[in-house]
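Chain nomenclature is as follows: A, B and C, assigned in order of appearance, with residue numbering initiated at 1 for each chain independently.
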């Protein structure tokens, strides 16, 4: 926002925001850091609309030479993101499932493969797809609130995390932890998530954004080009694997999710969620 | 066993046991959990007969829809399993070595690839092949007795752990620990094994079975299908590698073990073991 | 050097040293352990001459049946090795860059693939190529001096660690730590390096050589043949990858280092180093 002391007619403060329906993005051009806030109450579900907006926002920032890093956080209290929107996977057409899954892939390809520095400021719970978003960033800071948990809990819903969720997870926590956590569909409370390496750092809730900004400044102290090439070198194998099997992965998802047994599991899960409220 | 109060003519208590020579198996059909106890004194050596019985027992349980999980433990005090039976590898024919090695492979393929939840309740020392059995389960609980140790100590005998022992080990403890531990042929005391991640949990000896049952219940709370697909996703690469190179691996083993220098090492080792007694 | 009490005419003490320009090597034939000391002040830069001498020394020891292990350390106070000599990469011809890079590869192929037990006694700071030397050994012991740091800090100079530096690093610290540390070009103080697993053990500076000798004795207690085959099994995939892409890797390096932007970064870095003095 322009300072009250800003003389009229001069260019505005170097801060550009583009607000959308589901995600608010503010770019501070002086630091090169964008703040991306999920604001899709009640739980920042990754719906088709959300995912599309997410990918477009990432693309805009990626193509903006003034932007070097993104901090991803939530504007909704207590929840970072609840993950993939189950309503998109229940009682819809094959075409819809296909479109939805392609959007999930697209988001991950953009985020995991981003040339920008990406820091997740996890200020609430972050199950399933929400956890994937955090895992795909360069660094994860979480509010040390024992009520917040994070994990790929797909197995609890009777569904299986796709191989690239798994690959991303293994790259972060290693094979043994990933194997156990995925099989149990574990949601790890913040403290445990930190111990397992699932998040890199815990800070008191009120210090989260300050810390995220400090970490981002540390990463941006490096020359972009060498850092980007290094990041690509580390992540290319896992990214390439989805790119090579993208259509097959969509087919697998659509055929799996279309099964009556899976649809039933999802309906039961949604019933349970409704009753909880 | 039927309770003394069991009225005559009614179905027996939901517990079926099939006892064999070397391994005792008891399936509690109400919980879906089988208890598998190695009872081949003095040290539960993995002889050809033991391995065959082990594979057949696993196959029976795998095909029994009433069985969802297996707890593997020892009925012999102080030893979980001493690993491959050296007498099977010493002074025998090429045909015998071939048959023996195929049985070792078979056991591992069944156990590491099992669709059941597998929990190792390691209630004694567990060197070499004994360690492999534990590593191949989904979860390892060990009695916190400083006299019990576990590890792939093949190098100490002058032999080399096969690549799939190594792959299984790396999946559990990571590359650096595996490299050092395999080169040194380390037997890690319980406390150290826990620190390295080789076992997931330590409990006082008298609480071991109780804890194993509790862990099993936690894993069985998940729907089988999603858990099984997840497990397959995590382990398939390593399983496929042996399947693809199985005959080559047998050839390697037979040619290695047939060397006079190796035979000499094994004879010396057996002499040393005899003297220890 | 022969003891003053050595009777004339008798064979010398079982200790042979061959001194070169940059590296001093002393082999104790009774223990089978060579001590290799970098003595190229001021900072043990890995120049073309140093690298050539390093590879030749390793080759000599490798071919000497009396030698089973090498302890690598520095004779220069406070520095283990400062890494690749920047003057070799700045303002030189394409031919020179090619020759230099081949020498870097050669050193790593010999050290990472050595059949001997290799222990790094890190008695000073060890950035970039210096860190690679330590990472390529079987075991790393570091003096617990908070002023000594270690890491692959290439990104700080605007350059990218080659894929085989990365592979070696990932094998030691795992994917997550490697990704972060490489992107940030981190130099980890001894204590942090130990926590991350980058070094295996910290000891007070005055105990370093004693500890290195003790560790070496522990590794040499194993039969060589099984240990060597095990080491090869663990490291072959990463070694083979460079062997298969060696010329391509040279081309990449030469084309990268020849860029005017990179040359400028290196000149600025060298200016900064001069001013520091």
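The definition used in the following text is that a contact is a pair of C-beta atoms (placed from the backbone, for glycine too) under 8 Å apart; a residue touches a chain by one contact, two chains touch by 3 or more.
These numbers were taken from a predicted model, which means no experiment stands behind them.
A complete topology is adopted by the chain contact network, contact being made between every pair of chains. Because subunit B and subunit C share one sequence, their contact can be compared position by position; here under half of the interface residue numbers appear on both sides. When the CA atoms of subunit A are superposed on subunit B, the rotation angle comes to 120 degrees (nearest 5). Look at where the CA atoms of subunit B average out and do the same for subunit C: the two points lie 39 Å apart. Each of the following residues of subunit A touches two or more other chains: 174.
Those residues of subunit B whose C-beta lies close enough to touch subunit A in the complex are 138-139, 170-174, 197, 200, 218-219, 222-223, 225-227, 229-231, 233-235. Of all the residues in subunit B, the ones that touch subunit C in their complex are 154-161, 163, 166, 174-176, 178-180, 182-185, 261, 265.
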